[in-house]
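Each of the two complexes below includes subunit A, the first together with subunit B, the second together with subunit C.
Up next, the complex of A and B:
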């Protein structure tokens, strides 16, 4: 029974997939559509995977969406100024890392609650994105063709083209998975999440680890912002804004699958896929886009609520 | 350890299934034409009118229309275009810059599904784009001024050349004024638009009024959009020169401009786009494509309308 409780969300996910497969027999479970879904969700996935790092410590990063926007416009502004593609990408990632480390310092050294600290930097990064882009969408000839071509390209394996964005998201998944599940760094993040004070007394360098984790989350957000800019061949100072809440929702959906209620990155992957499959399938079923949003919110609440109830009843 | 967790976990799954099945039951059966409209901008008034016009025309055709608003998210617009392609709709209509959703357009093209732009911008992957003619809008107001001032007098122009859709309006007004030897363009101002354009246009107009103190020394103000026209109006009224008969025109006919025109002062005319007509014409383009026609023109223009005190209340 313990196992079934833990897999309730996974069963729900399988149910959703099965329902769509029945309702959309010709189009849902096709290779093309599944690859489309993987590509559509890749940006959210990268944000959610890196969000898992800070959530493992019981922290939050609300600034990831505006960091994604800032990274996108940073790269685009570099391109506009005539710099080559790699320089633009490096600059954007550097901004992401620096912004993330700033979050970490505010939380770990200054001692501001993560919610407040990252709410503050959310506003700062968003303002910076407007400054860098002059409030405009950077597009057209300012975006180099190779940069935009990345999101349209892929790697052909056995006659199927795996989208580059999907592979990028998988790469980030592997890095975060190894970090969290197979290194001392990851184990210590979970120790901090369990009891930060106990971890500190046990000799875990809590402050430094927190700063590092926030730095990596910022880096992930910047990578997602670059993927987004490539996907839409343009950069706009608000385009990443929607990523933050969905990323947190995905991690929470994943947490319902963990016995201890801990965020694990492979569970986050399931959370991300649930959101993506719902968006894709409900669109194909021609469900009104506003009703779709109500439905997705209700499903998140149902899953998290059911898991919480399960934990209470199971005690 | 009890079975509580199992019950709870399963109930979430059951709820999802029940919800999806209910939705499927509520979904109407496939009609003659299935058309998906994708826009990130449905919250904007103009877009709502396009969509209303499109839906009204689609209802007459008996099509099944699905309008998808991605609430400002461009990547989601790409994703939803891809989903519509997967779903195998008969046509897709977009109201978003085609260059930004090219990844989705490429899939539609590969699947042979026509995509029509509804004030989206010209693009080789669109069957056609339906919009207003920016050149024609400038013709309406520039000729209005020429006629009102009898082809003679000093004219102040407010332009904005860095933005192509506004730049093209200025080019036309330049040509029309130049065609009348009695008209002199005494200033061609590019206002600072950071604050929306009204305040700086007012300041610029105050300076021009100060430099031309003689009554009648300025016959008209032609503005490439409404905000500078409103700023010029404020400057003229504040300078106590509203009685000189200076004719002001704008373009876009926004609500503030309509109020000024209705008030019967110096701001006499502006040009309104026919948003509903753009939606209806986009549906007309879809109908032609569904009938197997190839649309030759990459842009279809919908006539605009000169707004004056005579018709502003309509």
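Up next, the complex of A and C:
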């Protein structure tokens, strides 16, 4: 029973993959499609991995989507103004870090609830993205060729070309995994999530760690925004908007795999893959996109609800 | 005269009896005190007669007629009214709305709230309590604690579908000023004169002596003593509460190496320190010494301990820990060898869903990790295993969540955390509350062992016996003020409790 509860989400994932493999025998389980899925989902994955950092503390960050947009248009605006590619990227990442640190300060020092604080900054970042881009999509000759080429590129391994975006997401995964699972920093974040007051009294510098974790989440969101801009070779002030809810959903799906309901980054990876496979498979089956949204929402609720029920019944 | 009888109240929690066959008879017109040390069963008794907790056995008779009491609604129907320790008012609502809380508001045309009538009703209820100075239109959040108490009482007057027969007040004066308390007592006397029975729960002996006609003392879940307050007297009540025969000439203090430690620098030194509620703190703790902090509940014990973690602003005096000014916060405190066992295990000490290892090593991660903060899981597990053995933890696996341990073993995890760094100053805030006898003995041994190795220990406890068993000297706090510092040798729980109450009277 306990096993079933813990691996229920994983079994569900396998079930979804198997179902699509049967329904789409020729197109679903092909190397090309799988690589395509990994590339499609890489931006969401980066946001979800870095979101796991703040969710380990029991907080969350609603501003990641608008931060991704803001980072994208910041880089594009720098390119437009004639700055070289590295400068644009650095500026975008700096904006992400600064925005994340602002979230952290609002939560840790000012004492605003994460929901309210990041709802406020969501609106601010979104407005800033419109200001920076002048409300327009920046594209075409304004986006330097090397920047757009990154997303099209890849690394060939054993005859298969791994997309650069996929590799970037894997890199972020590794960084977050090491941070959360193998450093004192990660252990302290989980301690805060377990009981913030107890952690504080046990000598954990709660406020400082909160600010740092929010800063990293902002940085991750900015990285995702850059990946997005590179992939579509353009930047507009709303293109990251859909990332936030999906990222939170992915972390929640992952949390169903933990006995204690803790967000772990490898579980978040499974959550991200579930969302990606569903989107890809349902699109191939030509399910109407609105119906698709209803299905995805229902599956998330079913997984989280089943885990909650399992926990209640297990008592 | 009306008689309310509670007969044969029993209740056990998980096999541990909290109340055993307790009977209590209350009479209209009388104020009846309920006293007892912490854990004596007072709260359980109140929960049973409030219908909040199901009794294992209980009969209730009002004027000889059997009354059902299985739910809070039954209690309300019987005319029982409760003022709990935490005052449940809604600060954003007006006084009048708070008085009417939980009842349908008076309406005009069955629709709009009839505000003038609501206020008039509230004013009338407040006037009955002599509280004419409280404006019913004011937000309740602006009232003082004493005024809030009156608002709660006014709400009780008008609440429910039966006339109030019994008022139960749980430590109502804990947060009141002297004047507010006096006002409350006048109200209670009035209510009693009007024929209500009043059950008054308090730790404060002088209040009970002045206010209450009869007293029932609980000890270990049983009635230790019941009778008219004046006949029993102050000493009789204290004896009934502690209930222990004086334990010989207490235990001789083991200070064989007293001469050796005296030469060493003190663990901490306080020179007329005042901070927040605390004042007049003036003592020196030598290495190897155990100082017990005694006082009534909430006399500032936790605040005193937290001073050494860098909490609270020091208004006057000097505080030196381990040869330096005090740390700026808990993080620095742990790094400098100051360890804390907090009062509230669940709220302040443990991460219940995290593993034993995670809970034990948390303050020591900095030392245990490689450069760049890379964690060394093996070193962490080793520390947890060693400490678990040292505190004689009973567990299945180091990876099991702390939540799945028994209360005593959870507390051992907290101790393992505190002792893991071989602290030089150990702060214990009621360290064996809710811990069984065996675990308690283990923990005491650990504390003595640490002190014998030269650490200083400061200990608070709601259990006077524990203070005397562990402490070399006892500091008496009265409303935050250091009222005395005495050697523990020769003290008994009785004499210590007497000293605490006398200190409280001098302060008042």
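Just so it is clear, the second predicted complex is superposed on the first by the 315 of 315 C-alpha atoms of A that agree within 3 Å, B and C clash if a C-alpha of one lies under 4 Å from a C-alpha of the other, contacts with A are read in each partner's own complex, and residues count from 1 in each chain.
We adopt the following convention: a contact is a pair of C-beta atoms (placed from the backbone, for glycine too) under 8 Å apart; a residue touches a chain by one contact, two chains touch by 3 or more.
Every value quoted in this text rests on a predicted model; they were computed, and no experiment measured them.
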item: Overlay on subunit A: subunit C relative to subunit B, clash or fit; value: fit
item: Subunit B versus subunit C as contact partner of A:199, first or second or both or neither; value: second
item: Dominant contact partner of subunit A by residue count, subunit C or subunit B; value: B
item: Touched partner set for A:7, first subunit B, second subunit C, both or neither; value: first
item: First, second, both or neither for A:190, with subunit B first and subunit C second; value: second
item: Subunit B versus subunit C as contact partner of A:285, first or second or both or neither; value: first
item: Which of subunit B and subunit C A:238 touches, first, second, both or neither; value: first
item: Included angle at subunit A between vectors to subunit C and subunit B, based on C-alpha centres and rounded to the nearest 10 degrees; value: 130
item: Distance of closest approach, subunit C and subunit B, by C-alpha atoms in Å; value: 12
item: Subunit A residues contacted in one complex by subunit B, in the other by subunit C; value: none
item: In the complex with subunit B, residue positions of subunit A that touch it; value: 1-2, 4-9, 11-12, 14-16, 18-20, 23-24, 26-27, 30, 32-33, 36, 40, 43, 137, 139-140, 148, 151-152, 228, 231-234, 236, 238-239, 241-242, 279-290, 295, 298-299, 302-303, 305-307, 309-314
item: Subunit A partner contacts - residues on subunit C that touch it in the complex; value: 309, 329-335, 340, 342, 347-354, 358, 361-363, 365-366, 368-369, 372-375, 377, 401, 417
item: Residues on subunit A engaged by subunit C in the complex (per definition of touch); value: 182-188, 190-191, 194-195, 197-205, 259-262
item: Sites on subunit B touched by subunit A in the complex; value: 1-17, 19-21, 23-24, 27, 36, 64, 66-76, 78-80, 82-84, 86-88, 97, 99-103, 106-107
